Amino acid sequence: GPSPAVAEQALVAVAANFTTVAEQLVEDFESSVQHSVALTTGSTGKLYAQLRHGAPYDVFLAADQERPRLLVESGLVADGGLFTYARGRLVLWGADLPAAPDWDSALEIGEARRIALANPELAPYGAAARSALEAGGHWRRLQAKLVFGENVGQAFSMVASGSAQLGLLARSSVVAFGGPSGHLVPESLHQPIRQDAVLLRRAQGNAAARAFFEYLKSPAAQRRLLESGYELP
Amino acid sequence: MCADSLHVDVELRFGSFSLRLDEHFPTEGITGIWGPSGSGKSSLLRSISGLERRARGRIAWGDELWLDSASRIFVPAHRRDVAYMFQDARLFPHLSVEGNLRFAERRAPSKGRSISFEDAVEALELGPLLSRRTTDLSGGEQQRVSLGRTLLTRPRLLLLDEPLAALDSSRRFEILRFIEALHAGFGLPMLYVSHSFEEIALLADEVLELEAGAVRSHGTAAVSFAGGARLQDASLSVLAAEVSRVDARWHLAWLEVAGQEISVPHPASFQEGDGVRLLVRARDVSLATSRPVEVSIRNVLTGRVRSVEEEQDSAFAEVTVALDGPSDAPRPLLRARITRASLHELELEEGHEVYCLLKTVSVDRALAHG
Amino acid sequence: MCADSLHVDVELRFGSFSLRLDEHFPTEGITGIWGPSGSGKSSLLRSISGLERRARGRIAWGDELWLDSASRIFVPAHRRDVAYMFQDARLFPHLSVEGNLRFAERRAPSKGRSISFEDAVEALELGPLLSRRTTDLSGGEQQRVSLGRTLLTRPRLLLLDEPLAALDSSRRFEILRFIEALHAGFGLPMLYVSHSFEEIALLADEVLELEAGAVRSHGTAAVSFAGGARLQDASLSVLAAEVSRVDARWHLAWLEVAGQEISVPHPASFQEGDGVRLLVRARDVSLATSRPVEVSIRNVLTGRVRSVEEEQDSAFAEVTVALDGPSDAPRPLLRARITRASLHELELEEGHEVYCLLKTVSVDRALAHG
Amino acid sequence: MNSADLSALGLTFRLAATTTVVLFLLGTPLAWWLSTTRSRLRPVIEALTALPLVLPPTVLGFYLLLLLSPRSPLGGFWLELTDASLTFSFSGLLIASVLYSLPFMVQPLQAAFEAVGRAPMEAAATLRAAPLDAFFSVALPLSLRGVLTAGVLTFAHTVGEFGVVLMVGGNIPGRTRVISIAVYEHVETLRYADAHRLSAVLLVFSFSVLFAVYTLNRKLPLNVR
Amino acid sequence: MNSADLSALGLTFRLAATTTVVLFLLGTPLAWWLSTTRSRLRPVIEALTALPLVLPPTVLGFYLLLLLSPRSPLGGFWLELTDASLTFSFSGLLIASVLYSLPFMVQPLQAAFEAVGRAPMEAAATLRAAPLDAFFSVALPLSLRGVLTAGVLTFAHTVGEFGVVLMVGGNIPGRTRVISIAVYEHVETLRYADAHRLSAVLLVFSFSVLFAVYTLNRKLPLNVR
């Protein structure tokens, strides 16, 4: 990109499940330009509420499309400051995942006492997991075994700690954690988990924010996304 | 007189008990407060000190109003310049003994007005206790520290609520002398609550006797004791006397009482010409119909029987004798408690001449001071 | 005797103070404990009651070991069956007066062993206080409730730490009588700490005198007082006597002392033939060189001067008289405190015959009980 | 307020009440021991009892998940014993709440017990009260204000807590979904009206309980027992 | 531990210390008033001071966000006054922490003040100590144990709290990102090793502080002043 005369700072609010990737992106970004970017994380709902009440964030990487749309409607977003930056994928994962060809049969034969997912009310991954379970005809049967994390990260912690034996989790979490990769849930079983980014109106004059916002669309950034378990929008 | 007095006109109710009095206290002397347990002595001191907010009425120190419920005046305790030694010691447990004393001293006006820290420590023998925790002290030690702390407040009025109850008799006596000296030296007025006849008799210029919240008697010690008043069971007489001469050889002071002479052990403070008062317990007085000879009792006063009172169902009778003396002056009265058997053996009746033998003239002190 | 006694052999150190004694106490009588403030009286009671865990040594009640540091035996307070009335009342503030009394009663063994709730309430006049908060009570009221609570524990040993210090003299006297009756009625042994000479003299069979943590004297009251022992300043004599006859008309009891007779007011409890003891203060004894006549003092004992002690820098002398009596028995001793002036006027010397005039034989009680 | 919220409310108060009771049972002996011991361990234990506070609830919850999960010795043992998992159950919630609220129970109780002092306990002993008897009949009544404080703090804190509870409980409707999670969800999902309503219910209800407790506290009659 | 964590740690202790100090300043008069008043309002205020606890932290944070945002009267006034926003600033964090930890300060203090009782205060008054003097020289030292409890609970709770702080502060590195949020984030983003390390630091550090406080508390010398 064009090398700016003055180094500036941007404050980027990131949905919790994207934090690890966002940190890598920031690292890449900062090595190529003189701007610096600080990250703040939280749940999408919380960050949204804060933005509505004057939070000093320049860029918002949400975990859904709903909150960014509401921000646009409320006029807080810069013109042209909205795009989908990634698509999440759902995997069935657990410490001792039964040897099965796909997630469906793994769920059938698995003897999990508890299956963790993100709260469908709060998190897109939760909603997607629920759709997938319903579509796969598992929802009724498994309902008594389900436990819910506040977000998909917490659901992952429940599985990682061994408290839940299986979880419908974000592929990005599994990639970040390492180890076996789990069974990918077909995207056809749920609404795609699209995550939108927003450039706030207050950051229109902030070169760092603009540059980072644009950087998210770059091939380098997209490579990162793919490596980290996301799909491109 | 009113401007120089503490006027207390209060009413205070607790359930079925009520304290009600309208009295003037001298702002110079020591007033002894006496009465059975639960008669309202502590409540009276609490009202005067400003700790009892439920007290209604009027309390005035000379012109200065401390309480006037009618005009909603209430001067809080810390601004009355009154020190109050509680019946329980109430030492501060978070401070050492010295800390407790210094607490008072630091908030007191300059030394001139009363004793110094060092004097208090010395007189009350607090030296070895200074660095001790107050919670480890013995009962008597606590009481001494509490007294010291109260004195170091250097107030213009001292309220003492049974300050010596936990002390042994010899220490009690020493401290009594110290309190008296303090009073004499600084003219510090006191209200002194005690159950001990001796303490009251030794210290007090006036005596207020309470019973069930009401004043039973109030007057100068002489009147209060002599007029036939009886502080509970302790019947006694008070006689005015003058030191006529001092006998250094036998450590005796000769006193003139109603024109007659008796001798008492000579306290260092007596001077010839001093007015003193004698307190004689009725039970220390024997009667004889002829002058006794060759007996160690040397104090013999003559007089005539004024009245005889035999106690029902008891071995005792009380005989009141009007002492002989100058015919123009009123005759001082002396009470004697003897057995009814003796009374009848001696055939004592009104108007008979008798010799009063005083075995012990136990208490006495200068009448006037300052 | 050992099996029937409380054996206390303890050492207890607090900084510079140390209590150290090895004494036997009777398990039947009342032992008076006497000594200046800070001499270790309360510490002794605390050790016996089991509250003072720092006490080293051995405490045994008959065969029953309460403390034996050598073999690490320590019976905690609640299992010693000992009641302890504290110098401060220590009433439970969360319970009413009745609640405090019931607290003790509910945990006490059956009534047979000591007084009933109703008797305690009656004797200590607690009736009107029963529903009161303990924090509102006057000092004397608190002490009475605390005493009542202690008595209702119905223990086999009673430890009383200045139980009457806050009471007026008439109530004090009544309660003393009550305590004595309790002792006589139930054979309840007591250790009784007091600064009051009269209380100790009236109640105690034995007297232990402490000074700076050590035993100064310990013996039966008679020995302890009579053998020339002086409880601090109160010099006195104890004489054994027998009730020879009772004179209902004058309410007098005639007593035989060393073959001579005197009379005292007649307490209802005296029977002809009873052994009693007389306590006579030296200051209540006058001396004469011829038998006095026509005088209300009717109690005259004859004897010979055994010794004379003139006090330095004082008006007084103390004369010890060996009373006349049957030649085979040891002569009882009587002490008299007279002025040095009288001593010289009467020319009293060793061996002289004297008449002892007893004005007041203030205290006396049955020698043997049970 | 829908039925899910109602059941969450019920569960919350059941959890808070049980936690308070359990903590009284556990915290009272501990606080009493701390207030009377001369052991050198004392400041160590005192410091330890405050520690559950310094970890963020979610993090504490995470560690509790590790501790209680069926894979851990404790969780495994429990599983064998009861054939039920400790995590994601009411028992697990209870353990978590108890641990997290421990300081609120122990600290005020200890302070109150220390304020009682030696004198009344000595008096009780001389009146034949054995230590346990004396504790219940003297120390505890004299510490009433501290007991109240401990109870109120524990109860209120358990009602409001949700980090630990969410993590260990798994937010299972009707089983481990407490009211605090429900309010949180309303806020997160922008259903502010619902959030306001539920918060108001929570506040009014809690206020009533607390007000009753404090009013009663003033009016305690003098005990004759 | 990286520099971001270090700065979060520093900020945390600054926040906890400031909160504790501010709460002492506000809570002490309130607790004293509550412990001495005979007002009928008393149980109302007592119940109110416990209420911040019953709302889940995030929800309380949400309401504080509404209250403090520049669009609100209070936040707007502050903005005019200082030209800085209350939300997403240290001041905002402080207000939130103070409010949320209020019960932990007021309740133990009140219990301690009540335990002091009338007797020592009367003694102080007769020794010429004016009420304020008596409060500082008698009531406060006699309540030391309660002051300690209040301080420890407030401090520890502020260290561990993150729900309110996250909402009102916004987790801005170096400005409002406290250590509890950092640990929380490590757990949320599955960096468990980092979480363990940071938790250990937090625990060890807090333990040391608390241990020192409790040890000192035993050894307080007898005061001669």
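For this structure, a couple of remarks:
Letters A, B, C, D and E mark the chains in the order given here, with residues in each chain numbered from 1 onward.
The definition used in the following text is that a contact is a pair of C-beta atoms (placed from the backbone, for glycine too) under 8 Å apart; a residue touches a chain by one contact, two chains touch by 3 or more.
Given the structure is predicted, the values throughout are model-derived calculations rather than measurements.
Annotation of chain C and chain E: jointly contacted by B, D, touch as defined at the top.
The most distant chain from chain B is A, comparing centres defined as mean Cα coordinates. Farthest from chain C in terms of Cα centroid separation is A. Chain D and chain E carry the same sequence, and matching their CA atoms takes a turn of 180 degrees, rounded to a multiple of 5.
Inter-chain centre distance (chain A to chain C, centres taken as mean C-alpha positions): 91 Å. Chain centres here are Cα averages; for chain B and chain C they lie 27 Å apart.
Chain centres here are Cα means. That of chain B falls 61 Å from that of chain D. Contact of a single residue of chain B with at least two other chains is seen at positions 88.
Shared interface positions of chain D, defined as residues touching 2 or more other chains, are 58, 62, 184, 187.
Of all residues in chain A, those touching 2 or more other chains are 46, 49, 154, 157, listed in ascending order.
Applying the touch definition to all chain combinations yields A-D, A-E, B-C, B-E, C-D, D-E.
Those residues of chain E that touch chain D in the complex are listed here as 42-44, 46-48, 50-51, 53-60, 62-63, 103-104, 107-108, 110-112, 114-115, 145-146, 148-149, 152-153, 156-157, 159-163, 180-181, 183-184, 187-188, 195, 199, 202-203, 206-207, 210-211, 213-215, 217-218.
Chain contact summary for the complex, chain C toward chain D: residues 49-51, 76-79, 81-84, 86, 88, 90, 92-96, 98-99, 102-104, 107-108, 131, 133, 149-150, 153. Of all residues in chain A, those touching chain D in their complex are 43, 45-46, 48-49, 70, 113-114, 116, 119, 121-122, 146-150, 154, 157-158, 161-164. Remark: chain C residues 14-16, 35-38, 42-43, 87-88, 128, 136, 138-141, 144, 161-162, 165-172, 195, 197, 232-234, 247, 250-252, 263-266, 283-284, 286-290, 292-298, 313-316, 336, 338-346, 355, 357, 359-360 touch chain B in the complex.
Looking at the complex, you find that chain A touches chain E at residues 11, 16-17, 19-20, 38-42, 46, 49-50, 53-57, 151, 153-154, 156-157, 160, 173, 176-177.
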